Amino acid sequence: MSAKPPGAGFGRRRGLVTGNDELGAYRVLRVADDGPAPAPGQFAMLASVERWGAGEDERPHLARAFSIARHRDGEAHYLLEDVGPGTRRLCELGAGEEVWVLGPLGKGFTAPDQGLRAILIGGGVGIAPLAILQDTLIASGTEHTVLLGFRDAPRLPGAELLRDARIASDDGSAGHHGLVTDLLLEELDSDPSATIYACGPAGMLEGVRAIAERAEVPAQLALEAGMACGFGACYGCVVPRRGGGYLRVCVDGPVIDAAELDHVEAHAGAPA
Amino acid sequence: MSAKPPGAGFGRRRGLVTGNDELGAYRVLRVADDGPAPAPGQFAMLASVERWGAGEDERPHLARAFSIARHRDGEAHYLLEDVGPGTRRLCELGAGEEVWVLGPLGKGFTAPDQGLRAILIGGGVGIAPLAILQDTLIASGTEHTVLLGFRDAPRLPGAELLRDARIASDDGSAGHHGLVTDLLLEELDSDPSATIYACGPAGMLEGVRAIAERAEVPAQLALEAGMACGFGACYGCVVPRRGGGYLRVCVDGPVIDAAELDHVEAHAGAPA
Amino acid sequence: MSVEFCGLRLAHPIINGSGTFDAIAARAAFGEALATAFPFSAYVSKTITLQPRTGNPPPRLWEAPSGLVNSIGLPNKGLEGYIAEDLPQLTGFRSDPSASPEGTSEPVLLITNVMGSTGEELGRLVEACDAQAGIAAIELNVSCPNVATGLDIGADPVQLESVVKVVRERTGKPLIVKLTPNAADVPGCAQAAEAGGADAVSLINTLRAMALAPGSGATGSARRWLGGGTGGLSGPAIRPVALAQVSAVSGRVGIPVIGMGGVQRPAHARDMLAAGARLVAVGTESFRDPAAGTRIAQGLL
Amino acid sequence: MSVEFCGLRLAHPIINGSGTFDAIAARAAFGEALATAFPFSAYVSKTITLQPRTGNPPPRLWEAPSGLVNSIGLPNKGLEGYIAEDLPQLTGFRSDPSASPEGTSEPVLLITNVMGSTGEELGRLVEACDAQAGIAAIELNVSCPNVATGLDIGADPVQLESVVKVVRERTGKPLIVKLTPNAADVPGCAQAAEAGGADAVSLINTLRAMALAPGSGATGSARRWLGGGTGGLSGPAIRPVALAQVSAVSGRVGIPVIGMGGVQRPAHARDMLAAGARLVAVGTESFRDPAAGTRIAQGLL
């Protein structure tokens, strides 16, 4: 697990869709991938090779960013939620169809300091990069806790992507009836020597950031932002940096140290 | 059979695709259609309901014009040739998918004068309106001859759309090795008291027009033109009228009396 | 949803863009069903000129990414032909009742769009329209090249103001100036139109555009596709440009604004209204769906 | 396919549009593979200003029909930062050998794009670039609002000519003027640039555009989506507009033209070349496919 990925090779490549499985309200898209192994937290830009466009308002035109949820046996897994024309098109792809893949891109998570426990906290489709992170933590035998929050019952199956998770749900359909950050507070109360790894809606990330700041616990936040390119070319994906200026989520992130942010903006999170 | 169609009803309607069969290099698209019965030679504007766009250069955007090749048992048949992003999308539609249908539109063929033989001459995908015309001629017991020309062997199966056709082919793969207008000359030589009904590539139509003019035989030419609307709104689909000015193919045609034209322009024919 | 516009009452805020709907041809194609379910609350004519025009040689259409380039060339019967032949056929249309909240059908108002290359020509056109009781309002198409400079009359605020002034004197009917989008300072042009006495402005017209015949770029002998050489881009492709111009103009003039450019759905019309438009015109989308006007107006209910 | 441009030799005619490719970020993302397979024959920098700029608040992007509206706001390190930090990292790039007929890789030439709101500011920027051996040519972004009028400096031929004159005196390097498309008379502006001493012109920059936040039009409280309020439209949507402007400009100036706007495929580049462009720049398409430049150059072989 390293923050600095190896070079992704130049240019996008075609990837064969090997499967697309329902997971409650989500889909898991599997794509044959002989590209470099991603670091947990890295993402790829995806677009279908055929018929990218012609959705609402003639969109999508640009590729879309997705966390690499898993990468094994020459396959990358992506967790998708249909929230608009781009995700809709990808959600309907079947085995045998093709996608353009650009990646792995961005800076991923860095390992917790020796001996520190990892707390993985995710909300909704934002749980995706935590799955591959957990794979690495298990492989390295790192102690960790997983906290996952979902909006409602149809989204709960998403939790199957990870192991041994404590669950919170907005509608009380499973686990803690309330915010997943409530669980984080509990965890930190019981043992504050931890590093937090978070990905999810902006509201959740801002909650995590504030909690981590107060508790003086290091936190790595996997942000989201509208992206045109994913490799630092367009300067479109920015979030305000603590102390002024902006960070490009695609190259300075998507995983950003919470200490670098004053707050997490509404535009910087995963679909709720 | 009448030149003036009944009102098509206002607005486009959804039509369920009931079938899409290969016919050599062509496809026959069948669409459930409870709209008004078309006159032979009339056309409809078609667009797929889903994913119209996202082909080459983000096209198609506008609907496409197609002759109604047949209309029976609540189904309209269209003969399609894949020549670009619009026809490509329609060619790949399967039963259960939907198309927007606007039509029937335009002025169709008028019946031959009492006692006159009808000569139907078609080239390539331009044979489509002759099929429904032949249906009417058979129903009314009108004597007629069918001459069909094709570019090559893969296109020959198109002839199955009509009955008892004499065939010409550019590559000699069947029938007369040469132009279908050669057959027309033969027919007129043997019996010039006829009315010609023609549809096909611009070169063929111009050939027919010139032959008809010289032989002083009435000819009705079903023209084509790039169309944005199909109902007289855009003034985009014009061909020069003999004596000056222009005719809108969609409302003044698509069937136009050869005497109204000085020549048939390159843009006014079917894909060759 | 019924709306006031320059003292006129319209059934709803959706009208057509000039040159994108031919009520007479549509009635012939679709029959009387159209007459009592007209998709617009007002009908804007194609641009009428003093003398008849046959328009540009074909091809006149080029399909572009999410749009259309046209080079129609303003074919029309000329002022006399329009008044004698078309005007009598343009009465009796009523808006689609399903597009008004009360379910009532209102008479469709007639807006005549005119163009001339001099103030004098425009003056004659406007005067003639003024005399016709059937015409509710007049729209001035100022995307007409100045014979001397080759630039659109409407692109120069000074020239535009003086042209509008000349025309203003000739009519008491509501006068709409259809601005050209091919200008450095569209809001400045709108202000000039207002200063000249316009009762409203409409925008955007098509963006100057071009296409080469497929494959001809490769041969080294580039051939322009459009018979007219160049044309104008319309459709969804221009919507973000239209919205910017409508918003900028609305912020700078007090008179009502008619917004258009790529409107396809109720949400797009709402954006235009939110950006400051009083009425919204639908153009290219009517080619794809002749009842688009009604569909969009329904969506605003 | 190797091409001559203002006395420079380029491996092929495909370069990038300013602000649409960040060679330093791309090298970090894609590794050294990029350095020897650079997708452009020349690399045009983002616009550099005298002082550092952080750019506009997010959101900065809006996806439009067949295009993109951006409101980036020209973030850059300022002249000093650019020269001290970026310039040293911009050496050593070589074009992709598969894009040249001989299969050779050529050094990628550096074109620095600068913007200033006064002739004086531009003069200082150009002088500083002139002093840098690593910079092969200078591109002037004149889509900068005049502080007094709010209109783009580049939209007014008279103003443009005088600005170019001032700058011309400060450098012997090839000087490219990047025209604004938001002008009434783009060919007139190109002529003004030529008269002022420009060695080439490039076009088109983005079209002024806007978007409202989804759903906000409905609530009656329209909220602009872009943090910068308005933005610029790029991508295939603008290609027919770009082609028209490139063709019109090429017919009116003697200096070489760099054509851009919506180029995605070799056929589009061929159209630009056929319309009179000497070089073709790729912008938005590189976002979808970072190797688009090479792909397009290959297609021209």
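Per-chain residue numbering starts at 1, and chain names A, B, C and D are given in the order in which the chains are listed.
Keep this in mind: contacts are C-beta pairs under 8 Å (C-beta built on N, C-alpha and C of every residue); 3 or more make two chains touch, one makes a residue touch a chain.
For clarity, every value in this text was computed on a predicted model and none was experimentally measured.
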item: Longest centre-to-centre distance from subunit D, chain (CA-based); value: B
item: Where subunit C and subunit D are represented by their mean Cα positions, the distance between them in whole Å; value: 34
item: Centroid spacing, where centroids are CA-atom means, of subunit A and subunit B in whole angstrom; value: 54
item: Two or more partner chains touched - positions in subunit C; value: 64-67, 235-236
item: For subunit A, residues that touch 2 or more chains besides their own; value: 53, 57-58, 61
item: Overall pattern in which the protein chains touch one another (line/ring/star/complete/other); value: complete
item: Residue ranges of subunit A in contact with subunit B within the complex; value: 50-55, 58, 61
item: Residue ranges of subunit C touching subunit D (in the complex, touch as defined); value: 62, 64-67, 69, 151-152, 155-156, 182-185, 207-212, 214-218, 220, 222, 230-231, 233, 235-241, 243-245, 247-248, 262, 267, 270-271, 273-275
item: Complex contacts: residues of subunit B adjacent to subunit C; value: 6-12, 47, 53, 57-63, 100, 102, 105, 225-229, 231-240, 244-246, 248, 251, 265, 267
item: In the complex with subunit A, residue positions of subunit C that touch it; value: 66, 236, 264
item: Residues on subunit B engaged by subunit D in the complex (per definition of touch); value: 57-58
